[in-house]
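The following block contains the structure, expressed as structure tokens.
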Amino acid sequence: MDIGVLFLQSFGLISNWDSNLSEIVFLSLQVTVTAVVLACLLGLPIGAMVGTFRFFGRSGLILGMNVLMGLPPVIVGLVVYLLLSASGPMGVLGLLYTPFAMIIAQTVLVTPIIAALSRQVIEDLWMEYAEQFASLGVSRRARIFALLWDARFSLLTVVLAGFGRAVAEVGAVMIVGGNINHVTRVMTTAIALETSRGQLELALALGLVLLIVSLVVNIVVMAFRGTIVRGAYA
Amino acid sequence: MARFVFRSLLQRAVLVAFFASNAVSAGDVILMQSTTSVQNSGLFDYLLPLFQDETGIEVRVVAVGTGQALRNAVRGDADLLFVHSKEAEEDFVARGFGLARYEVMYNDFIIVGPSSDPAKIGGLSDVTEALRKISDQREIFVSRGDDSGTHRVEMTLWGSTDIRPERASGAWYRETGSGMGATLNIAIGMGAYVLTDRASWIAFGSKRDHIPLVEGDPRLMNQYSVIAVNPLKHAHVNVHGARQFIDWILSGAGQRAIAAYTMDGRQLFVPNARPD
Amino acid sequence: MTRSNDRRRSYSAELIESGITPPLLSARNLCFEMQGQPLLQSVNLSVRAGRRTIVIGPNGAGKSLLLRLLHGLIPMTTGDIYWKGQRFSRDAQSAQAMVFQRPVLLRRSVLANLKFALKVCGFVGPERARRVQDALRISGLMDVANRPARVLSGGEQQRLAIARALVCAPELLLLDEPTANLDPAATSYIETLIDMASGRGITVVMVTHDQGQARRLADDLVFLQDGRVEGTGVASDLFANPRSEAMKAWLDGRLHVRREEM
């Protein structure tokens, strides 16, 4: 089939798709943004600490973090499913097939990316700052905050990498979310569903929407970046 | 300034998490494990709003292969099953995981293939003969290979021939390990033969030059049933909601709704609940 | 003002009473080896309070290394460092400030760089604001206070680094070739700043390989070559009468070849 024709048809389809597109887009963003924020709260301090402190087992930890960046989403989905399943250790919480389950899965997926990439960024900056900070007598705590703040531009790119992975991911959210209409259906699972229905033009159109959503998020982050640049010099 | 922006973003995240919790705690809800074939047919999108209007119960559908649906239910991750693999269903009930099995509706399986039909199976009413011809000609046959209801039916059909298609796996016999839609996509892309339920086929949007070639063999009947998960195995299941759904789908109203569901003017499922 | 200033005054009073100038900082038999290579050997030196001690010598003599050891950034292999007669400690390090050859500035504004240092040494509120203003004034950076530090010129960056080192009122200022990468005008500004610091009673130890700068700034001189002290004393005496052949050769501008390469 001609790709150009397919694209044109896609735009036509998306404008009169009966399912609630805005609901799906909004849920995608809710889940992914929450997961990325959680992953940052976990991953950035881990990255900063591993990047600046010397301790036993450090290289092993770095290797582990780098390997975990390549975690297959389906495996994460399966493990989170087994944890949250009614028969699993966290079954009583009743989180399976809810947006929370998807947030947990994506947090697990994204945290190693944030931690591993920020570790490298922070460590490079620390190489430059180490002697000056020792001379000033900066405490370990203050060091972590200062490095995270001073590396903020590079770290925003790290966060966007994490966002990209989470928002495009389908395997894990499909398993733990169940792709339930109006509850856990997000962009990627909707695309998978339409593909399996043979509605290829619609699937492609949803893919384009996902791309546009990603574009908008990147623009917002860049605007936010402009804000903190001004804030830094105020 | 920057700190303020960061803080408000954090508050936003907390709000997002809060809103997400609303989705969890909405009124009376039942969780149904079903199959990709019914989901892809669009039947649920038609049926479930009718049921919700009448009872106020929201049905959440997780569509997977029948095998996985049964395994998820064994773990307690379902209130209700809507599946199509009689033997496995009866086993599920016999092991005490399900309360009782009720037949709801049926349609049929068909073998579709390219209209050029290189194995010359078009018009055959004996499905085993058709399979034998495909295997003899080494024409590509695409299998679900995912322990779904459709896959189990296919394996039963091969079992009634003397052919062991797994031995040709990767050669003329291709196992996708995927749902019905993905498997149809692959089969059509390869110009291959494939066994599918009729509803998935009618609802499938990208048929190109593939057409139904074999249909009408009584062994190709595709029976769907519902089973409520046994609360004695999993105390948290919403057995009351599940019973209400079963009562409704077996009732005149439910059965009529199934019969009324059409696509492109064709009825996809035939209701066949036995009146009690 | 602050307690540390009171302490310094009484310390100076002691000196006047005793009639001698005991060293603020001294090194005894300082050795540093890296992978079996001796980089500093039996270094003995004294830094007298209130004076400007300049460490000179050819490239590779171990001058920067010596400065880092004196500041406690790198542990010595053997030997002792004393601060006011006591063994070197963390408190001694916090009473010192160091400026590096290439200024290490935070990726923030000039103002934020100064505030950061003041926050680390515990100054808040109006006292912090006063010290920031003072630092901006002496370094001539008032007009660029809100600019990102790292877009300043090389001279401005080094002035900021020195101003930042001075905001917490250290007793000793260590400078590692602060003007090595600067043009004469920028160098002159830095030297004025160092002059001003010592005018405030801050002891200065500075490493340089620039003889002219050493002659302009030095009260006391340490000549270092191949990791050894090859001459130390009052600068005017030593320049007039170098105690070793090595120092004489270097002052004459003769090329130096490391001993082990001969």
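Note that the chains are named A, B and C in the order they appear, and that numbering of residues resets to 1 at the start of each chain.
Please note the rule applied: a residue touches a chain if its C-beta (ideal position, glycine included) is under 8 Å from a C-beta of that chain, and two chains touch if they have at least 3 such contacts.
A quick note: this is a predicted structure, and the numbers were derived from the prediction, not measured.
K.L.:
Taking touch as defined above, what minimum step count separates chain B and chain C?
P.N.:
The distance in steps between these two chains is 2.
K.L.:
For the interfaces A-C and A-B, which has the higher count of C-beta pairs in contact?
P.N.:
Of the two interfaces, A-C and A-B, more C-beta pairs touch across A-B.
K.L.:
Using Cα averages as centroids, what's the distance between chain B and chain C in whole Å?
P.N.:
78
K.L.:
Compute the distance, rounded to whole Å, between the mean C-alpha positions of chain A and chain C.
P.N.:
48
K.L.:
Taking each chain's centre as its mean C-alpha position, how far apart are chain A and chain B in Å?
P.N.:
31
K.L.:
For chain A, give me the residues that contact two or more of the other chains.
P.N.:
Each of 232, 234 in chain A touches at least two other chains.
K.L.:
How about chain B: which of its residues touch chain A in the complex?
P.N.:
By the definition above, chain B touches chain A via 1-3, 5, 9-10, 13, 16-17, 19-21, 23-24, 31, 36, 39-40, 44-45, 60-63, 72, 75-77, 178-182, 184-185, 203-207, 234, 236.
K.L.:
Mind listing the chain C positions that touch chain A in their complex?
P.N.:
Of all residues in chain C, those touching chain A are 68, 71, 73, 90, 93-94, 96-98, 100, 104, 106-109, 112, 116-117, 119-121, 146-148.
K.L.:
What does chain A use to touch chain C in their complex?
P.N.:
Result: residues 128-129, 131-132, 134-139, 142, 146, 149-151, 153, 232-234 of chain A touch chain C.
K.L.:
Flag every residue of chain A that touches chain B in the complex, lowest number first.
P.N.:
Within the complex, chain A contacts chain B at residues 30-31, 33-34, 37-38, 85-88, 91, 94-100, 103, 178-181, 183, 193, 195-200, 202, 224, 227-228, 230-232, 234.
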